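What follows is a pair of complexes built around chain A, which joins chain B in one and chain C in the other.
Up next is the complex of A and B:
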């Protein structure tokens, strides 16, 4: 009798221990990311089941990655900003402004006269400059990130419209020769587009920066508890500025990819990127309150959304249904995240 | 920290340079082959069709992509294309519907190329931005039918179907000239669409040129933005500025809903209003005759439907049977007729819902 009850107790203890181990795994970044891998696999299975080899072909995989690349680069930057306890609503507008600024006749002329890398420099500098303004306003002006970047969203796109006169600026207009630029960004290496390589490069660089450097540890500290970070000797304000400059540079890279892909710069480029990037980061398991998140999760989040997009196109389904599903996925991911978070705290 | 980040940066730059040199070397080998000369598509075949073009023929798969349906005219573009495709049992229309993100629209067209569809009907969000991917499709042997917003490279499309923006202005202006009947003092007002768009500039130029023919000019001009709200705001300002108007041309019937509301609110009815684009509710108002709106100028929302029809003919190797020419033409520009109470019944069937 008593032996039995001991056995039962022990068994109960073991299951609860196992459960807590399961919870711990699910809570670790590896666990969350494997959840995302499973989600991506399910999406791929749905794709293969509904579209067959039209989905599983290499060309289709490349199409998905090409679609993912532009928003992907922005999302990597967004991951840093959100882990650091901030948010950036201005990314789409910065992409538009960078794309416009690096395709003005003056910039293109400069590129023809000297080297096409000038266009790259202009795009990156414009992105970094916008990020710098955002960062200074937030860190030193004490403007809430939401408001500061909302203001940048409006003014960067406005400036893009002024510079371009709301017209589409075409690469190589007026007979200017910037073929080197276009050839570089639209070439492929080993059958894979340079744009996809760039996305991979940015992702790997982001992973190293976040996980293997002081900068990454500081980002987590600043987002997790800014007061503690300050007491630990981190210059929280300066670090916040760095984070917004970083995402600005990412926007510049995305703008370059878009310019090469479309051979145009336009004030309408990058519309809605802020939502795409935040959505990818959130379903990637990064806490919106900051202090925790992974690059791998973000990359998986981007891939899930772009794969879904292509599946909808392949199956002749409407964009509206896709937006609806996207919303549902975001809510589901956040609910799951909250459950895991509350469990781990008890 | 700053030290570390500079080394990282320089490492990145170095990696970029290595990659760049490799790519430039590769590009050097291939750049000779991408001259535009070889893109003219010959898959259309040359045999002139005998018998009716509508007779069922070979199965045709058509990929279709258009911008987001954020106003009535654009919504009708996709709807009428779908409706037209449904009339043929030999047409399968794959609709990648509605996006204002050029990156996504490019990937939609890439998906069609991967799918090896027989033809692509494309209304680009931005003609210039979609040109590279259209060229890619043409090079893959898939004829592209470009609708409404033109590519910046003629090799990127096999057929281009355009409305006539300048002609809209001319039609509206000529109609006013007829109505004014030699009265050179008539006060003419204009409510334009988004002023920075080339299409708006074309419309206004045509309007100005046609009015000049009979000695009239535009006395008051405001611009709106194709939305109901914008139309209402612009009209309100115009009515404030001009106490008496004889003729008013409003470029767009979607924004016209707001324009008419503002006119109602102001209690004005001393002028004749002409609309643009040709929505169903505008035509109903013209038919009933009890508002200031007496006419509208068509900018067909069935352009993409025409694109679907021509894509089918092209792939099946048929010709436009009312032309002697054995191939589908390179460019089709649609007419911008004036719709009044007299001929409204002829057009109301193909009008779009605002």
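Up next is the complex of A and C:
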């Protein structure tokens, strides 16, 4: 090899090293989500400017997190489904069904003196069961995810209405040891609500699952290139079922949080969760086409939306205005993402 | 002949890469101008500049002596530039006629005229020598070779004066290549200029008038007369080295042939192939030759379980594989490097190491948790030994050239210590320099006791690389012999019914 080409190669190697260092920083969760962190900071500054002390207080911070917790848990599950190349429109309905089913158990006479963990088990099982049905329809029935989960959206809420007779089921004095249930889910640890801890726990578990396990690696492979994943020996169908079961369990957890917070189970619980979760995942930088996304981004997305909600409430603005702004933010975030993506790919 | 297109000093930069760094090119009306260069030399970028997708950062383009910025694809088409891309750009759900006239539909007052469109489409297809393609067929159902014809019909449906063909022969077999050459001759006789890109020097000898060689984004030689430039000179210009790809020598397999590893008996896939018997021993390379569409790829995909066989058995080391189960095949130690590397083989946005370990993940997992350090270390060992460039297992596979991507696919199966390796078109899109390396690699795999099956459209490749050759015609194995017992002309005679060997 001539000296020239050796030199050229060495120079190329050095630039590629520098490049890879830069890339390593940009690829880390912090680097990739720096835009979202800045966005969240801006939102907070707006909050502090318009609502002053009422926004900057610790209590308010907890309020924001409490608001974020329920949809947050669902959004973590949604992140997996979307990275895996799917979508789940039925999350809100599954939350409703889980809440109704577990409160039904709790208020039955024969359930007296039964431990409240049964409620937890029922909620999680109902969520997982709905997810299983979704997953089997999508993976083995070859039904498009959009349609299969749309059908689940309709039928799960319908079933919830039938079970509850369209009534709000209030956790009463009889039945399961409701006090224990409420005490657990509404307690605080170190001054922070259990619900917030739960969200944190689910987020951390989600991060580990996505980034450190075979399950996570397979999720990315299945969403990024299902054909290549299949030919590499991954059971794409089975994995798809797992993904929907996972989000179903997340819905079950969210249902328990809602039931504890409101002390009711209702077929109207969780309305609009699908949109909130998808919006948070998308502005968090997860590609709707699958194959790429981060848990950190989703958490930031959830926090941005819940902080905005609180700011609107503190300033006595209407819910309608809030929705309007939410829509605008989603569009802006996606436009921005596309520009960033096209710059990094060329 | 008058100069149709002149490009001078074209520079195109992308963040971090200078893809074109001073390209000169002049194309005359009525000539076939061949563009040669290794992968990454800048051919694809140059084409995109010509078709108006990219704007050059410096340099001038003149069209018939006038400055002509090709600022959008529409402007380029208006000038008469027609491009047939390597990855075909047809709408799969539309029919042939609709694809041909996409963007300039035959219409009156906004209403499409299907009858006239079909008739014109038929005329174009006739002219291209493929009257059997019906204008009403849905394009997605056609073979890649036929899709390419549709693509050409689309270019001809406009008043094309410069036709760019990017590796058109990659999806074609010998007979179809000849038809392509006939079409090109007709076009150049009418004064159309053709830019022809191919890795196959023998094709360029046959069809080309002049050659421009690109290397590292620069024109290193232009206007070389095809007939007067020796192959060695061209390879020297392209590589800066003076090597031709050579096939590794065969070991004396007759003496120490290992045990039979892969045994296929009476395998069938309804409507595609029937009665395929195949035995591959440890350390042996078996090649499949045949036309594109003869069922070669389908056979190995069925062996792998990616298609569910409708009859017959596949056994590996005496154990019978479950039909239609890739997982069973992978567990038994079978690996596949698929034909479409990008869409079937690789996770393009994932790191090199993740692509290598994807089929052996459990080895790096404890209770589902991956040991990423170990993954990277072992992947690094493999990529170093295979000389994957650029080095570094954390970069995205997308950034590698075709040859290096293929090495990553091979590394995946090396990582698993697989027993049987099925390779579908292992050197498609791989440049001349990297080819010999891939051949060496395949041979060294066999020497380690792997049973290798190779499918290739290039007869020369099958004959040069394999120990034993199976010739497939229309889903039936019509010949089996040692690779040295048959020559290219005989294989050609076998695969092309009714044709006399050249």
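We adopt the following convention: the second predicted complex is superposed on the first by the 303 of 346 C-alpha atoms of A that agree within 3 Å, B and C clash if a C-alpha of one lies under 4 Å from a C-alpha of the other, contacts with A are read in each partner's own complex, and residues count from 1 in each chain.
Following the convention adopted for this analysis, a contact is a pair of C-beta atoms (placed from the backbone, for glycine too) under 8 Å apart; a residue touches a chain by one contact, two chains touch by 3 or more.
The shown structure was predicted, so the numbers you read here are calculated from the model rather than taken from an experiment.
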First, second, both or neither for A:50, with chain B first and chain C second: neither
Touching partner for A:291 - first (chain B), second (chain C), both, neither: second
First (chain B), second (chain C), both or neither touched by A:229: second
Which of chain B and chain C A:205 touches, first, second, both or neither: first
Partner chain(s) touched by A:320 [first = chain B, second = chain C, both, neither]: first
Which of chain B and chain C A:215 touches, first, second, both or neither: both
First, second, both or neither for A:166, with chain B first and chain C second: first
Chain B versus chain C, judged by how many residues of chain A each one touches: B
Overlapping contact positions on chain A, where the chain C interface meets the chain B interface: 208, 213-215, 218
Of chain A, residues touching chain C in the complex: 2, 5, 12-13, 15-16, 19-20, 23-24, 208, 212-215, 217-218, 220-221, 224-225, 227-235, 291-292, 343, 346
For the chain C and chain A complex, residues of the former touching the latter: 14-16, 240, 304, 306, 326-327, 329-331, 336, 338, 343-350, 354, 358-359, 361-362, 365, 368-370, 372, 390-392, 394-395, 412
Residue numbers on chain B that touch chain A, as the complex places them: 1, 4-5, 8, 12, 15, 19-20, 22-24, 26-27, 31, 68, 94-104, 106-108, 110-111, 113-115, 125-132, 152, 194, 196-198
Of all residues in chain A, those that touch chain B in their complex: 54, 57, 59-60, 63-64, 66-67, 70-71, 161, 165-168, 170, 179-180, 183-184, 186-187, 189, 194, 197, 201, 205, 208-209, 213-215, 218, 258, 261-264, 266, 268-269, 271-272, 306, 309-310, 313-314, 316, 318-320
